[in-house]
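Labels A, B, C and D are assigned to the chains in the order they are written; within every chain, residues are numbered from 1.
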Amino acid sequence: MDLFLTDPIKMVYDWLMQLLTGWGLPGAVANVLLILVGIVVLIIVAMTIDIMLVWLERKVVARFQGRLGPNRVGLFGLLQPIPDIIKLIIKEDITPTGADKVVFNMAPILSLASVIFLWAVIPLAATVYGADLNVGLLYLVAAGALGTLSIIMAGWASNNKYAVLGAYRQVATMLSFEIPMIAALLIPTILASSLSLKTITTAQGGVWFFWLSPLGALIFLVAAIAELGRSPFDLNEGESEIVSGYHIEYTGMKFGLFFAGELLHAFTFGAFIGILFFGGWSFFGIERIPGLGWMASSPYFGAVAVLLKGVFFYWVIMWIKYTVPRIRIDHMLAFNWKFLTPLSFVLLMVTAMVNRLLQDFANTPQWPIYVGGMFLSNILIGWITIEILRVYGRKQKAKEPVHPAAKSVAAPSAGHH
Amino acid sequence: MDATQVIFIVSAALIVVSALMVVTSRNLVHAALWLISALFGVAILYVLLEAGFLAVVQVVVYIGAIAIMFIFAVMLTRRDMLDKGPQVNASWPVALGLCLLTFVGLGFLLSRFGDKFSHLPGALPPNLDPLLALGNALVSPQAFVLPFEVASVLLLAALVGAVYVARNHK
Amino acid sequence: MIPLSWYLYLAAALFSIGLFGVLARRNAIAIFLGIELMLNAVNVNLVAFWRYSSNPGLMDGQVFAIIVFAVAAAEVAVGLALVISVYRRRNTVIADEIDLMKW
Amino acid sequence: MQNPWLYIGLFLVVGAIIPVVPIVFSALISPKKPNKIKQSTYECGMETVGDSWVQFRADYYIFALVFLVFDVETVFLFPWALSLKALPIFAVFEGVLFIMILIVGLVYTWRKGMLEWA
C-alpha cells in the first residue's frame, strides 16, 4: 500500500509483469507489452485533456468577450466537446483537385503526432514519467521540428495560394522564434547541468529557476507563443486576407486534428514552462510546511501540480491571445531578429558567466548571494534593454516626420507600429 | 537474430529505399520529403549506436532546418520544377555505372577486411556520461577547442557568404 | 548485436546512391540532396567507428560527426543561396545550363 | 533501469498511429458526395487564376538561412552548457567567444538590411 502512494506505476508494472510471466510470456515480450499499455494510457490521458481544452478554450474566449460560451450540453456545457467531435467526424471529407493526396493526408497526422510525441518526456512526478531521456530538451526541439514540417507539407500539398502563403508565414515565424526559444532552453540546462527534464525538475527542489532567470522564463513564454502560432503571432490566420492559412483546404476530422494539435500544443508548452522554470511537480512550496513533507513524494500531488501549472500558463497564453491584436509579419520577424534573439544570447552569456562565478555559493548557507546575484543580473539586463528601447524609440520619433493624416486622426491607431 | 538486428534491418531498408526515391523522384518536394525519411532512418541508427545526442541533433538540424531549407528553395525556384523534361542528364548511364562500381569496390574492400570489422561493440564505460564527455571534449584545450571555435567561424563565413549571394541586388 | 561491417556496408550503399544523385540529376537542388546523402553516409561511418573503437570514452567520432553537421549546414546555406541567385538572374536551376564559367 | 530509447521508439510508433484512428473512423461513416465545384480550390469564391505554385518572395529564404546557422550553433552550445559547472572558468569564455562570433554574423545581416522586409 505504501508503494501505491509513492510509486503507483512501478506497483502496477510489477503486478502485471508477474501476471504476464505467470501466463508463460517471456520477460522481454511482457515488458514491451506493458510499455505499450503504458503509452496508450498516457496518450489517452493527453487526448482527454485535449478534449477538455476545447471546452476550456471556448468558455474562456467567451468570457473574455463578455459572452457565456457553451452552457447547454451538460453542466456548464462541459459535455460540449462531444457534439463538437461528432460533428467533425460525420462531416464530409473533401480533398481538393490538384492536391498531392498522400502528403495532404499525412500533414494533419504529423501535426497532431508531433504534439503527442512531447508527452513521452513530460515528468508528471518523480516516479510518473514516460522516459527520462538524457537529451530531453533537445527531444522537445526535435518534436517541434516535425510540427514545422507538417505545416509546410500541408501548405504545399493543398495546391492553394492562400495555403502556401499561410504556410510560408507560419514556418518563417516558427523557425525564427525557435532560436530565442532554444537560447532560453539553454538557461535551465546551464543551471541544472542536464538536459533531462526530470533532473531539471529535481534541481529546482531548492529555488525555482524562475527566480534565477525571470527574463529567461519570459523569453521562453514569448517564443513559445510564437511557436504555437497563437495571437499576436497568428499570421497564418489573417481572416481578412488569407482566410485560415495552411489548413484552408482541410475539412472534417483532418481540420479537427490540426485544431486538436494546436490546443494540446499550447497546453503542453504551458506545462513545459511550469516544468522548466516553476518547479514542475513541486506543489507550490506547500510541501515544505513541516508536517506536509509527504506531499513532496506523492506522485498524485505532483501530477496535479504539473497539470495546474500547465492550465495556468495555458490561460496566460489565452489571455494574451484574446487581448493583443496581431502584428504584421515584417514587424514580427524584426521583433525576433533585432530584439529577442540578441537579448536571449546576451542573457545566455551573462547567465553562463554569473552562474559560473557564483555557483560555489549555491549549496552553502550563503545561497542568497547566488540567487540574488542571478536575479539581479537578469533585472539589470532587463533594465538596460528597456533603456535602450526608450532611447531608440525617442530617436525614431524625432526622425519621423509627422504624417499629415496623423494630425487629423485620433491617436490610438498610431501607437501600434 | 535479436531485436537490435531486426531494428537495424528495418531502418536500413528504410534508408536505402528512401535514398533511392530521393535520387529518382521527379517531384523535388517529394525528393526532399524522402530525404527526411532517409535521415530519420539514420537517426534510428544513431540510437542503435548509443549516440542519443546525435540522433536528436540529426532530427533538429536535418529535418528541422536543412530539409525545410530545401523545400523553401524548391518552392522559390518553382518554374523549372514542373516535373517536365528529363530529370537526369544525358550521361546518367555512366553515372550509374560509376556508382555501382563504387559500391562494388567498397563492398569488395570491406569483404577483404572481413574479420577486422566483424567484431561486436564493447560496453560503454559504466561511469561515462556521453553528453558530459562531449562537452568536455569540445572545450578542453587538449581536445577539440580549436575545431569548436573554427566551426563558429565556418558558420559565420557561411552566413555572411550566403546572405551576400542571396541578397536581391537591385 | 550488430557487427560493425553491417554499418559499413549500409554507409557504402548510401554513399553510392548519393553519388548517383550528384552525378546524374539535372536540377541543382537535387544535386545538393545527393550531397546530403553522401555526408550522412560519412557520419554513419564516423559514429559507428566511434562506438566500435576500443575506447568509446573518447568522444572523437561524435565531435567529428557534429562538425560534419556544421559543414553540411554551411554547404546547404551557401549552395542553395547560389542556386536561388542564379535562378533570379538566369531563370534556371538546371546545372547543365549554368555555364557562365565556360565562356 | 530500462533503456529510455525503447520507450521513445514505441511511443513514436503509437503516437503516429493514434491520430490515424479518427481519420479512418471518419472516412468510414462520413458521406462522400464529391462534385467538381466542391473539390475546386477555395480562394474566397474567386476563380483560381493560374497555377498555385506561384513564386514567392526570397526574403523568407534569408530568414531560413539565418535560422539554419543559429540552429546548428545551438547544437554546439548544448554540450557546452551542460558541462559548464565542472569546467574551469576559461571554458565559459570559449563559449562566449563562440556566441560572439555568430552575433557578428547577425549584425552583418542586420547592417546589410537583410532583416528588413524589402
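Points worth noting:
The criterion applied here is as follows: a residue touches a chain if its C-beta (ideal position, glycine included) is under 8 Å from a C-beta of that chain, and two chains touch if they have at least 3 such contacts.
As the structure is a computational prediction, the values presented were derived from the model and not from experiment.
Each of B-D and C-D has its own count of C-beta contacts, and the greater count is at B-D.
Most remote from chain A, judged by the distance between CA-atom centroids, is C.
One inter-chain figure worth recording: chain B and chain D are separated by 18 Å, centre to centre, where each centre is the mean of the chain's CA atoms.
With centres taken as mean Cα positions, chain C sits 34 Å from chain A. A straight line joining the Cα centres of chain C and chain D is 21 Å long. Centre-to-centre spacing of chain A and chain B amounts to 29 Å, using the average Cα coordinate of each chain. Contacts with at least two other chains are made by residues 52-53, 57, 60-61, 64-66, 68-69, 72-73, 75-76, 79, 81, 130-131, 134, 136, 138, 151, 155, 158-159, 162-163, 166, 168 of chain B. Across the assembly, chain A contributes residues 133-134, 138-139, 164, 171, 175, 178, 195 that each touch 2 or more other chains. The set of chain D residues touching two or more other chains comprises 5, 53-54, 56, 58, 60-61, 64-69, 71-72, 75-76, 78, 81-84, 86, 95, 109. If you check the complex, the residues on chain C that touch chain D are 66, 69-70, 73-74, 76-77, 80-81, 84, 88. Chain A contributes residues 28, 100, 103, 133-135, 138-139, 141-142, 144-146, 148-149, 152-153, 156, 164, 171, 175, 178, 195 to its touches with chain B in the complex. Those residues of chain D that touch chain C in the complex are listed here as 58, 61, 65, 68-69, 71-72, 75-76.
Taken together, the chain B residues at the contact with chain C in this complex read 2, 4-5, 8, 12, 15-16, 19-20, 22-23, 28, 31-32, 35, 38-39, 42, 45-46, 48-51, 53-54, 57-58, 61-62, 65-66, 69-70, 73-74, 76-77, 79-81, 85-89, 91-92, 94-96, 98-100, 102-103, 106-107, 110, 114, 117-122, 124-125, 128, 130, 133-134, 136-138, 143-144, 147, 151, 154-155, 157-159, 161-163, 165-166, 168. Across the complex, chain B meets chain A through its residues 3, 29-30, 33, 36, 52-53, 56-57, 59-60, 63-65, 67-68, 71-72, 75, 129-131.
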